[in-house]
Amino acid sequence: MRPAGETKCVGVIDTTFSRVDMGSVAETVLRDLLPEYRVLRYTVPGIKDIPGAARRLIDMGCEGLITLGWVGPAEVDKLSYLAMSVGLVTLSVLTGKVIVDVTVHEDEASDPRELKEIAVNRARAHAENLAKLLKGGLDALRPLAGQGIRQGRPSVGPL
Amino acid sequence: MRPAGETKCVGVIDTTFSRVDMGSVAETVLRDLLPEYRVLRYTVPGIKDIPGAARRLIDMGCEGLITLGWVGPAEVDKLSYLAMSVGLVTLSVLTGKVIVDVTVHEDEASDPRELKEIAVNRARAHAENLAKLLKGGLDALRPLAGQGIRQGRPSVGPL
Amino acid sequence: MRPAGETKCVGVIDTTFSRVDMGSVAETVLRDLLPEYRVLRYTVPGIKDIPGAARRLIDMGCEGLITLGWVGPAEVDKLSYLAMSVGLVTLSVLTGKVIVDVTVHEDEASDPRELKEIAVNRARAHAENLAKLLKGGLDALRPLAGQGIRQGRPSVGPL
Amino acid sequence: MRPAGETKCVGVIDTTFSRVDMGSVAETVLRDLLPEYRVLRYTVPGIKDIPGAARRLIDMGCEGLITLGWVGPAEVDKLSYLAMSVGLVTLSVLTGKVIVDVTVHEDEASDPRELKEIAVNRARAHAENLAKLLKGGLDALRPLAGQGIRQGRPSVGPL
Amino acid sequence: MRPAGETKCVGVIDTTFSRVDMGSVAETVLRDLLPEYRVLRYTVPGIKDIPGAARRLIDMGCEGLITLGWVGPAEVDKLSYLAMSVGLVTLSVLTGKVIVDVTVHEDEASDPRELKEIAVNRARAHAENLAKLLKGGLDALRPLAGQGIRQGRPSVGPL
């Protein structure tokens, strides 16, 4: 048995701003698909808090992260989305860690049930992607290259 | 008694541009909820001065920061908001410190009283968030994950 | 014969989101034009996953990369395009590696056959550019300076 | 008397693109308010040259800088404004130096005399801010927190 | 005579996307004004390739660079312009090198002859600026501060 400090670790970051508990969806998938990893869950207020939280989880030893952001419909929300995205991309460039940056935008659907379904499906599908990327290396998603895959909505397929 | 240099420290950054003294609201909350921390207050002219001030407070030993920006209604203000947000996200990615980046946008409400109320409530709610994040670690906000929490306005709840 | 660890390496990054398998097009070109290089292929979910994957391939020894992104038509897709671009530019600034960042935008053409043709041609042309830049150094593309060259569509020529 | 190399230094960066000599205004204020500092003046072509110049002045020992940008009215000017702002914010995050980033936008006023007056007043007011921040530390601007202070135009006051 | 490795070096980066050979214009100016410098010319496909090329030229010893970008008229081109600008500004902030970032936007003029004239004049004027900045230090452009200087079009003068 390896000491706790050497257990592999994967992180789930979500927000209190979100209107769907996507973090629990991702957590369940990752515990199922990555039984040899510790799964760390970190809930922060909103999307601009995610990059700093991601840094802290990486400093705690996580090799991969899924971040689950909920983006409001106003112009300022779009700018915050951009800042968050730049932050996560910068973190991945600096560390090389696998960071799957997932967002649901409140204006993606007007029907609350549809929006919730998108959120749940997207969190699940991308948690599966994270598990594949961590376990399968470069070849994990190769069979799906160029296949028009979508998460949260039906895939559109290749042209 | 620990020497002064070892006291934990938390920072509040606000601006002279702001039309509401959000810094004093946050300062009061943090002194109340984090009695074992020194609270450093740093007032700068406007939002683009905030990231540099944040760096200086971190260099002075702060483990967490709340920044309180007031964003004007013009297009240039939105671009400045984006630059400030990218700066703070970059700082959190480089240092891993807890930086709660709060802003009030002058076009959020047309009624001055409503705008002031939003500013005061948002500063208070996010100062409480900062205290929880510093003391509670990863689990501090977990019970509110996906609950549609808002600061400054009523929460909208989960879908 | 040099040991495997010293073989030169070039990387191809593409996505499952893409509706055309541009990665295979680029891979074929690079294996043909750079027989002395190992060609590493890495498929990720979407464009915001590309900068982190690029960092990992550079850490595995790649001297050059071609990244093949597919950008949706919505506003959020454009912002994601910007975040990805900033990430790749930052990576190239930090490492000096040759990163040819190729994208096809779903709203470039309304006819699916035309869009597919653009994607295939652009992937091929830029894979050729990458090979030239890696082998020819500073002078590789000098004869085409200011010639209004386009990839995926016909060149427009100089004024 | 301390050797020249140890004299404190503050920098003024302005542009040839600007239609008002804001640099001289700021220089006069800083020489008056900071007699113990060397004042370095650095004129560059346009706003995108400012962040690199700022880095060079910091490398020459400056503890604080005021940058005076003039922003044209076209969309590309706004994007250049954003790039410059991100650059200066990044520099302040990396170095912790006090960088007061001042801009005048050519579309702020249609009357040339009014625009010139805004530029002169803003340069003066922010040079005073820089002097206060360098000499007064964290508390320098505290009495004005949340007071709706404007530079170049009349202050709007608190709500 | 100093060894080749110690010769001062200045770089010119241009693109095959450009419709005017601005690189040759800048090269001629720099060879004339900076006879003691080696002039390195580096042609890359498009504007997003410029920041990485700039990093490579700096790594080869260049003290200054002029980059000559041609920006298309579509929204995606504007976003690419922003990414390139952020990349170059970041590079100048990290290295302190003099990087004169020049662009011509295809929608600046509808007449091809006028557009070509803008491009040639702007490349020449900014190559002269680069030479002045490298040789004249902080004071090189001081006499033109606030004079409303334009490159490629007639200067507009001070207010």
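Going by the order they are written in, the chains are A, B, C, D and E; count residues from 1 in each one.
The criterion applied here is as follows: a residue touches a chain if its C-beta (ideal position, glycine included) is under 8 Å from a C-beta of that chain, and two chains touch if they have at least 3 such contacts.
This one's a predicted model, so the numbers in the text were calculated from it and none came from an experiment.
Separation of subunit B from subunit E in touch steps, taking the shortest path, is 2.
Taking the definition of touch as given, a chain qualifies here only if it contacts subunit A and subunit B alike; none does. Centroid to centroid, with C-alpha atoms defining each point, subunit A and subunit D lie 40 Å apart. Within subunit B, contacts with two or more other chains are made by residues 82, 86, 90, 94. If each chain is drawn as a node and touching chains are joined, the picture is one closed loop, every chain linked to exactly two others.
Ring order of the chains (start subunit B, then subunit D) is B, D, E, C, A. Listed in rising order, the residues of subunit C touching subunit E in the complex are 71, 78, 81-82, 85-86, 88-90, 92-101, 103, 105, 126, 129, 133, 138-142, 144-151, 156-159. Subunit C contributes residues 14-24, 40-45, 48-49, 51-52, 54-56, 59, 75-76, 79-80, 82-84, 86-87, 90-91, 94, 112-113, 115-116, 119 to its touches with subunit A in the complex.
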